[in-house]
Each structure stands twice: as C-alpha cells, then as structure tokens.
Amino acid sequence: MTEILIKNGFVVDPRNKINCEKMDIAIKDNKIVQKVNEKTAQIIDASGLTVMAGGVDIHSHIAGAEVNTGRIIRPEDHYKDPVRKTSITRGGTGYSIPSTFVTGYRYSAMGYTSVFNGSIAPMKAKHAHEELNDIPLIDKGTYILSGDWWFVLENLAKGDIDECARLVSWLIHSTRGYAIKVVNPGGLESWGFGRNVHSIDDQVPNFDITPREIMRGLIKVNKKLNMPHTIHLHTNNLGIPGNYQTTLDTMNALEDLSTDGKPVAHITHVQFCAFKGENWRKFKSGAEDIAKYMNNHTHMTMDMGQVTFSDTTTMTADGPFEFSLYELGGHLKWVNSDVETESSGGIIPFHYKRNSPVSALQWSIGLELALLIKDPWKIFMTTDHPNGGPFYDYPKVLAWLYSKKAREATLKRCHKSARKKSLLPSIDRELSLYEIAIMTRAGTAQALGLPNKGHLGIGADADVAIFNINPETLDIAQKFRTARKAFANAAYTLKDGTIVAKDGQVVNSQIPGRTIWVDAQTKDPCRIDDEMKRKFKEYWTIEYENYPVTDHYVKVSDKLSVKASV
Amino acid sequence: MEQKLRATLITGRTIEQGVGKELGKGSEEYYVGCAVCFFDKSDMVKLGIKNGSIVRVTSKYGSVIVKAQKYRWGVMPGMVFMPCGSWANVIRGDETYTMGMPLYRGFPVEVEAAPDQAVLTLEELLMQQFGRNSDE
Amino acid sequence: MSKTINNVVCPICGCLCDDLEVTVENNEIVKMKNGCAVCEAKMVHGYKSEERILKPMIRKDGKLVSVSMDEAVKKAAQILTDAKYPLLFGWSSTVGEAQRIGVELAEELGATLDNCCSVCHGPSVMATQEIGIPAATLGQIRHRADLIVYWACNPWASHPRHVERYTAFTDGRFEGSEWQSYVKKLKADSNRKKMEMASKRISRVEPPTKAASFTGPPPQMLEHKPGRKMIVVDVRKTMTAEVADYFLQIEPNRDYDVIEALRCLVTDQELDVEKVGGIPLDTLREVADAMMSCEFGVIYFGLGMTQSLGRFRNIEIAIALARDLNRKTKFVISPMRGHFNVTGANNVFAWQTGYPFALDFSQGYPQFNPGENTAVDLLRRNDNDATLIISADPAAHFPSVIMQNMMKHPLITINPDMNAISRLGDVVFPTQWCGIEYAGTAYRMDAVPITLKKVVEPPPGILTDEELLVRILEEVRAIKAKRGEPVGQAEPKIAPHKPTKATKTSRECPIQEKPKRVTKKTKKVA
C-alpha cells in the first residue's frame, strides 16, 4: 500500500472549479483520497509548482495496422531519433511515428496519462490491442471504425436502428473498443471502387444510403447504447478546399438529435475541416464561420488537429483523401490499405513547411478555431498525432494558445498567407492555465465520459501531472518559452499513484497502463444465428468465430459496462 | 547429343517440396521432391537423358547430383528448375547486391549427365557440406 | 473418443485459411477437412512424425546428446552472452507473442535480429519504403476484383488455396466465381487436344503450332471474356498458369523491363520495339488495356520478382504501375507472403523498434540496414560469432557457401522437429507446434491478425517458443548481472484490475459539486 502526499502545489482542477489554489493532494494506492498519514506517506514537495490531473488525449494515432505500416515505410523518419535502452526502459525509435515503448515514455514525460487511439479497422483490432499492450505508462482506449461496416450500412438503409444498435454493441464488444468512429461516412465504401462521396447527401454506390443517414443513424445508435463518448466523427470532404461548408452542413444535420443540450458528436481534427475557397489557390480560413456556429450551439465538441510545422506522416482511414493528397503531387510514398467490408486507409509522409502558403494557413486555422470558440469545454487540444505533427509538439501548441507573443514569433517566420487570409493576427485571447487544463484533461475526460479522469477530486484515478510553473511568479504569456519547457518536461508524472516520470525523464516503466473498453449491454443480445454466420462468411475472409478480440489481447482490461436501452 | 548444357537456373517452390517439408525434412517425400532438376523436353533430348536419369548441376558456387525430370506444365528451353531445398543450396550463390537476398534464380549453370553418381540423402549431403549431421 | 474442432487456422502459408475442420482422437489429429495437400501433410502427419524432437540436445564430441532443459538453457544463454555479435534469425513460423520476446532478447544481447523476410519479401518491404504501396485485404479482392494478375508466383504450389478462397474462384458481393468457366475451358481444351490427336493420326502431319504458343489463348479472349479475368506472368508455365485466362512467359530477369513497358503503355507513351522480355508489344498492349479497363484490378507478386535480378527495383516499378493505374481505375498490389507469420514478424519488430527486419542492437538502440544487418550479408562477411535459429530452416534455404560460415560458430536451434538446421545445431531445443499444440497470433499476408488455435496437447516437458525464450532471456540476464553488466527489467507482472463502474447516463459528469478535500487552504491566488 503506497501513500503519497503532494504538498503545497498550485492546483488547477477545472472539473472541481479549482483555479490555482494552493492545496495538498493525497493519494492512496491508485486513487485520490481525502487524506493520508502525513508521517508515513511519501511527500512530494510541490511548492511553486502547478498540479493538474494527468493529461487525457482524445485523439492520437498511436497503435494499429495503419500506424505500424507508417512505421514500416519510414525508416528515414526513425534514423533521426534513435532511443537507447537503459536499465529501466526499452530502446526504440521516435519521431513522427515512435515505436510503442517510446510512445508511452514520451507521453508520460509530458504529464499525459491517458490516450485514445484515433481509429482502427475492426478486422485488425487484435493488432491494435497487441500494440496498445506494448505502450506502457498510459491508459488507453481505441475507437472502432463503424461508419462503413456493411452491417451498419444495410441496417441503417432499412431503417432498423435497434438491430443496428445490437450489431454495433457486438462490434464494440468484440473489438474491445471505446467509441464509434465514423470516417468520411459512405466515402470509404465508395473508395472500394475508387470513388468518393462529395456531400452529405450523395448516394453511396451499391448501398441505398447517404452520409447524412449514416451519421444520424449512428448517433441514434450511440444514444440507444448509452455509450460514454459521442460518435467520433471525421467529416466528409476532409482536407479539401471549401469543406467548411460540408462541416457546417454536417453540424446542422445533427442539431435536432441533441434533445438535452448535450453533445451528440465530436468532430475530430476540425482544422482539416475548416477550409474556405474553391481551390487550393483561393484557399482561405473558414474558422470564423465554424467558430460562430459553435459559439451558438452546444451539440458538438471538437478537437483541433493543429499543424505544427514538422516532417510528419499523415495517416487516416480516409483512403480517398490520401489519394487526393497524393494526386496533388510531390509525394514519393503513398500507401493505400483497404479493409474488406469495413474501411479503407491511406498514408502519406508530409512535411508542413513554414514557407508553404497552405501549411502556414492550416497552422493558423487550427489556432483560430481554438481561440475563437469561446468555451474551452467545446474544443480540445490535439495535433491528430501524427497527422498535424507528432504529439511531442503539444507544448508548442499550448504556447501558441496561451501566448500571443509566441504566435507573433511564429507568424513572423511563416508564409504571409497565415497573416493575410486568417483572423489570427487580430486575436488577442491568451488562454489561462485553467483553460489549458480544460482543453487537455478536464474537457477531454468529460467528452469521453470518464468519471475518474481529468480531475483531482476524491475517488479520481491517481494520475497526476506536476509542472514547474509558478503561477504567482511566472507570466506564461510573456515567458512562453519557460512554460513551454515546463509542459514538455513534467516535474512529476504520477500514474496510478506511482511516480513514473521526473523532470521529463521516465523513472519507472513498470506500470503497464490499462485498456479501457466499453461493454454496452443490450437487453436482447445481438442474435448471431446461422443466417448471420452465413452472411459473415460471405462478407469477410475470416470466420465469424475467429473475428472477435479475446481477453488474451487485452493485457490489463478495464471494462466500462453501460446499460443500453435496446 | 551434347556433353554439357548451359542453362539458366530457377529455384522455387513446388507442391511436392511443400508437402515433403511438412512431412519432415528426413522424409522420403522431401528427398524425392527436392533432389531433382526439371528440364524442358528438348534439352533432355540434347543431353540424352530421360526421366529419372542422374545429372550433375554445376554453378560457380558448387556442384550437386540430382535426378532429372521432364517439366510437365510448359516449354522452357534453356532453363532448368530446381525446388527449394538443401540440394539446390549447394549451387545457389552468395551474391546479394547488398540487399540481403542471395542468388536464388536467374543465374547460369551447367548440366551434364552423371549416370554413375548417386544422389545423396539429406544426412549425407549435410555431412558432405558441413561435416556434421544429426547422427547421435 | 473423437472430437471435431471447427474453424481451425492453418499454420503454414500466408493464406492462413481459418476454416479447417480437424478431428482429434486420443490427442491425435486423425482427419482434416478443407485444407490443401500441404496442410494435410503437416496437420495430419508431419507434426507427429518420428522427426519430432522430444528432448533438448547438446552436441558433445560431434554427437548430439539428450540433456535436461535446464542444462540446455544454461548452455544456450552462455553461448549467447559470450558472443560479441550474435545473430538471432528465423521468426517467421512462430507466433507474435514469441517474436516480442525475441526483440527483447536481441536488445538485451546487443544482437543482430533478422527474420526470414530478408530472403523472401525483404525486397518488397524495401520497395514499400521507397514508394509506399496501394494494397487491400484479401476480402476486398474477393468482393470486387475483376482482374487478377499473378506475377512471378505460383500460388498453386506455394499458396494452394489462394485462388479458390480469395481471388478468381471465390464468390464476392460484386464479382462471382470463375470456377464454372474454368471447367468449361478445361473441357474445350481436352476436346481440342482430342481433335488434334485425331487429325494427326489421319494426316500424319503436325498440326500448325499456334502463334506464340506459350502465351495461352489468343488475346481477344481477354477483351471479350465476361466476369473475372486472371492473368499469369512467369518465366515458366505453371499449374497456376493453366488455370489462368492468359499467360505471359517472359524471359528470366526481365520483369523490370516488361513492367516498365506496361507503365509506358498505361501512360499513353509509344514504344519503338517489337518485343519486351520476349513478349510481343501487341500482347502487352492487350494486357495494358485490360488493366486500364477493369473495375478493380490486383497484382499479386511472388519471389520470382524479389529474387530475380533487380530485386526491390522490380517491386518498386510494379508498385509504380499499380499507382499509375489508380488514375484510371482502382488498382491494388500485394506480395504473396510465404510463411504463415512472416508478416507478423515484420509487424512485431516494427512496433517495438520502428523497423521491420535487418536490425542491429549492438549500439544499444535499434539500427536498420538491409544489406548490412541482413542474415545472409552478415554471414557472408563472417561477422557474427554465434547464431540462434528459431522456427526456420536456413540449412534448407540459404546457399551452402553462406551456411558454411554459420557453421564456424556455435549454433542454437529452436524447432519442433528435426529439420535440416536442427541436424546441424550445437544446442538443439524442441518446442511445441504453434497452431497445433499452443495458441498465438499470426498475421496473414494482408496483415490481418488471426489467432491460431490449440487442438492437441503437446508432448510432456516441451515448452512453447515464448516460454523457452523467456527462460533463455532470464538466464542471459542472470549471467550478465553476475558479471556486473547492466541488465534490463523483466516485464511487469499484471495485478488484476477492478473494472470502472458504469455511469448512469453517458455524457453526464458525475462529479458536479466541489468535493471535500484534504487541504488547509493556505492562500488564494489572485
């Protein structure tokens, strides 16, 4: 039994409305508790330091077939970042797609303790879980691509929401997934024959359904299943100029589904969905329109997908998008990876350059969105790792958010399009530590429906990040570099009540982290009769019985059971 | 009739080799399936050999005795085919062009009839090549 | 007592067929349904043959002598720790769980780690690193492909059920099986042969040979044939070519030229030659047209490409062709990965280290350099000073000149049966058959993970690959610790975890009011 007392830190805990108050945090085993025996407990002197809950990343591609293919095709990316083994940590490689162990270590060094994996194809879920098992020091979950699963398309086309819900519940359970992921609804199926859908009302070839119906259907399914998270949505036309209109159409189309003012969908990496202009030459920022909409509505949450100017690797289940990116030219490597009956995928290494008009504007769009949307509970900080930049660029992104000076410094060095075609230079807002804590932990944990994460209230998981920032003496907006360094190297990271990193160095790699997954229990279990099994045999090239992820694949399982209403 | 045939060697999988390897490397099936070289009909006429004749296949890297067999699926004059296995290894080359992959196919060999030679078994071949085998 | 186990996965080739029906009697497989000839050879006979190793052995005075597991593990660990630059090679016929430990062992030893892919589809991986690859899972081909090209491979021998389960002879949602039309063709062929024989007998004159007799049926067939079309390109006619609608026999080592010619034709360039690689240009144009006009095309390529002159450049150009074709239609390309889990070896190595094969840990971090760290090159230079071979048989697949260098140094082998390399080992470990005696994960040729099943109990005293490697690793760490060298930590033991309680409704935040806390609030921050 271990007891830890974190003394005299400035606690920032937005969930409990605590803003930089000097207080103690007591930990017993792996939970935050009322108090511990001060004489026997290990004391962490946090005077002059900021104490937050461990970071919760809502969208980051850290594991799975797509991620690993990215690793395999980019040796040149790893060459520049070898990681030596030590007597407590494993070796590996870093940069845009770090190896699994290094992923865990580096998240931990930044004070992150939970990370949710962007997307995986259900058929390859075992692969993702094997990788997640090899990522130590963080809790993790993964979203399951369901939007173009043939059973979903067929049942939604029939209008049978209940049956669809039962099947999706079976799917999430048999892939040990956390949430329903929808990527370019209808587009992935169309890509099977090299086509795409271009608006939310386009017909999906060979299926009597439109993207609008898929999204609305799955939101209804999500509600019926009582899932902790909303559907996690990657919109149609992502990465194409003029797509801000598609994003607005999508949000409009879903508005009536929120009956209680609560979010019904999470638009991920929204930066890529906020492009204005008819073509790349006339490319402009559409952030203002989206922010305006978001400020007047409550039915959506978002994450940034910030671009950070680095040589990175784009990867998404949106196969047609990656192909269009390849068609733009200048890319040597293009990977396409269709998955039968459920998904597609693509990978292209991409260098976001400061002097490129498009990259520079993308950079400013992400920041505009985060700063123009007033409520930080609605938009969260991500880089859509590794699509906008690797996750270890988070401190840079934070600096741009809390310091106008930091933004100016970058604006000066990047292409003029970032100044001329966006509102960013005119925005004065600088986020406080409180708002940053919302965008990186409290807000994400709430959007994910994780009661024990993202805050430091009694009963919460003892995942704590302590940063070398003294809010009384350090003006982070002015001394943004000092604060950035502090966010990059957490003074302490505690995972499950154990100190795992200190001053940005991993000191204990023995905490494996849990895999959190949802078991949405339907009243009638999904009926897998002979007819179903026959269909399964027709649709997939593996047998029904060999499809599900078994317990063997989840090293430390944390099942979140919810009662569904079907 | 010619003394020697210059040909291009291809090595690869055959179903007999596949079955043989799964039954066991010491099995009769593996021996029969692998210690063999396939010829085009016209080349067999040139060399004056028949199905089952013993031949010596020689490359820059070594020389091995195997049985000749007619290739049944099609014509391939000037080309000989050997299944993957320890016998083909004797004549396979070590040049990788710094890519990790040695010479497995598409390099020149010479074939001649060797009626008075015996085809070594796996154990004999290992002993000949490496000076040891599983003899307990 | 007999029981039948369904949906058993075949642990042999990259197809990983998972529909086998296995009948077990008295802990022995006696019957098997749905498998191919190779599968039957292993699952019903091979795995229990007399070649099976039942005890660890150590070579003493040139002879292999049975020893206890402890002694063998100690000896192996001693050899590996004494070596300055050991090579750990194989991995393609074992499960991912064992491959994971393999990486850890290599890291602990500062060893070179390579898998069989360096002598099969290593060049394909390298080509992918050059230009990426448009690929798809096998089911995508089943449902959609109307043009299937097998290039330099012979699935009939190497992946016997590939055509039947995944490509031309399978029924998909949008494309049907071509089995029927093949049967018709067979009948027509045999009738034609009978006619020829008869006419020969009557006239005693050789019938005129067809133009380009080896290129199969005349080109028009390709254009007008309804349904799926199958083209085989190879240096020799194979059984697979027999099944195909169209066969191109190209000259050895000319794959690159022929594909480049096709690329030119696909991108509307003119070629001023009569033939490329022995194939008339008109024939190539037919093929190019078929490729451009299909709805969904696929090229499967085999070792004929990766092992011929040009190596990974052949693959690179083939991928470039598939990529060009995506501007006209949908086209994918995939390697015919050989062993059942060679794809898994690439994947496991990659997620743990960033690189798929050809790894060197001697600097304390993974380094990747094919041509330097690949097993054959390492042995060719005679650089390594001890070898561990697991679930592979280089004595049956490496050139003898290479093997002779391997034999200059101590050799440890881990294989279930007495294959060629085990016959040569200094320390010979037995192990269980994965997919028969123990379960684990394998990755199909299209990187779909499938769980191999356990169907019978292993012989007593034999460990799985994973267990054995863990024991060797522990022993290695013990020896290193004794010598005062730094050692890595073993994997943490997992304590059971209490599940998170269900929330009443999903998006509700359970903690709304400020909870009571420890705290003496000292000071409020302004």
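We call the chains A, B and C, going by the order they appear; numbering starts again at 1 in every chain.
Here, contacts are C-beta pairs under 8 Å (C-beta built on N, C-alpha and C of every residue); 3 or more make two chains touch, one makes a residue touch a chain.
Every value quoted in this text rests on a predicted model; they were computed, and no experiment measured them.
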The chain whose mean C-alpha position lies nearest the overall protein Cα centroid is chain C
From the centre of chain B, which chain's CA centre is farthest?
-> A
Report the inter-chain centroid distance for chain B and chain C in whole angstrom, where each centroid is the mean of the CA atoms.
-> 24
Please report how many Å separate the Cα centroid of chain A from that of chain B, as a whole number.
-> 56
Which integer distance in Å separates the CA centroid of chain A from that of chain C?
-> 33
So, in the complex, the side of chain C touching chain B is made of residues 12, 37-39, 41-42, 45-46, 49-51, 57, 59, 62-65, 114, 118-119, 122-123, 126, 154, 156-158, 160, 213-214, 235-239, 241-242, 249, 252-253, 303-304, 306-309, 311-312, 358, 370-372, 374-377, 380, 393, 395-404, 407, 417-420, 422-424
The residues of chain C that touch chain A in their complex are 6-7, 9, 18-19, 96, 100, 104, 107, 125, 128-140, 142-144, 165-166, 171, 173-174, 295-296, 323, 326-327, 329-330, 332, 346-348, 350-356, 361, 363-368, 439, 441, 443, 447-451, 486-489, 492, 494, 497, 499-503, 505-511, 514-525
Residues of chain B that touch chain C when the two form their complex | 8, 10, 12-15, 17-27, 29, 61-62, 71, 73-76, 79, 81, 84-86, 89-90, 92-94, 96-106, 122-123, 126, 129-136
Could you please specify the touching residues of chain A with respect to chain C in the complex?
-> 8, 10, 15-26, 34-35, 63, 65, 67-69, 71-75, 78-79, 82-88, 90-93, 97-101, 123-124, 126-127, 130-131, 134, 192-194, 206, 226-230, 262-263, 323, 327, 332-341, 347-348, 446-447, 449, 451-452, 455, 457-460, 471-472, 509-512, 514, 516, 538-543, 545-546, 550, 552-553, 555-563
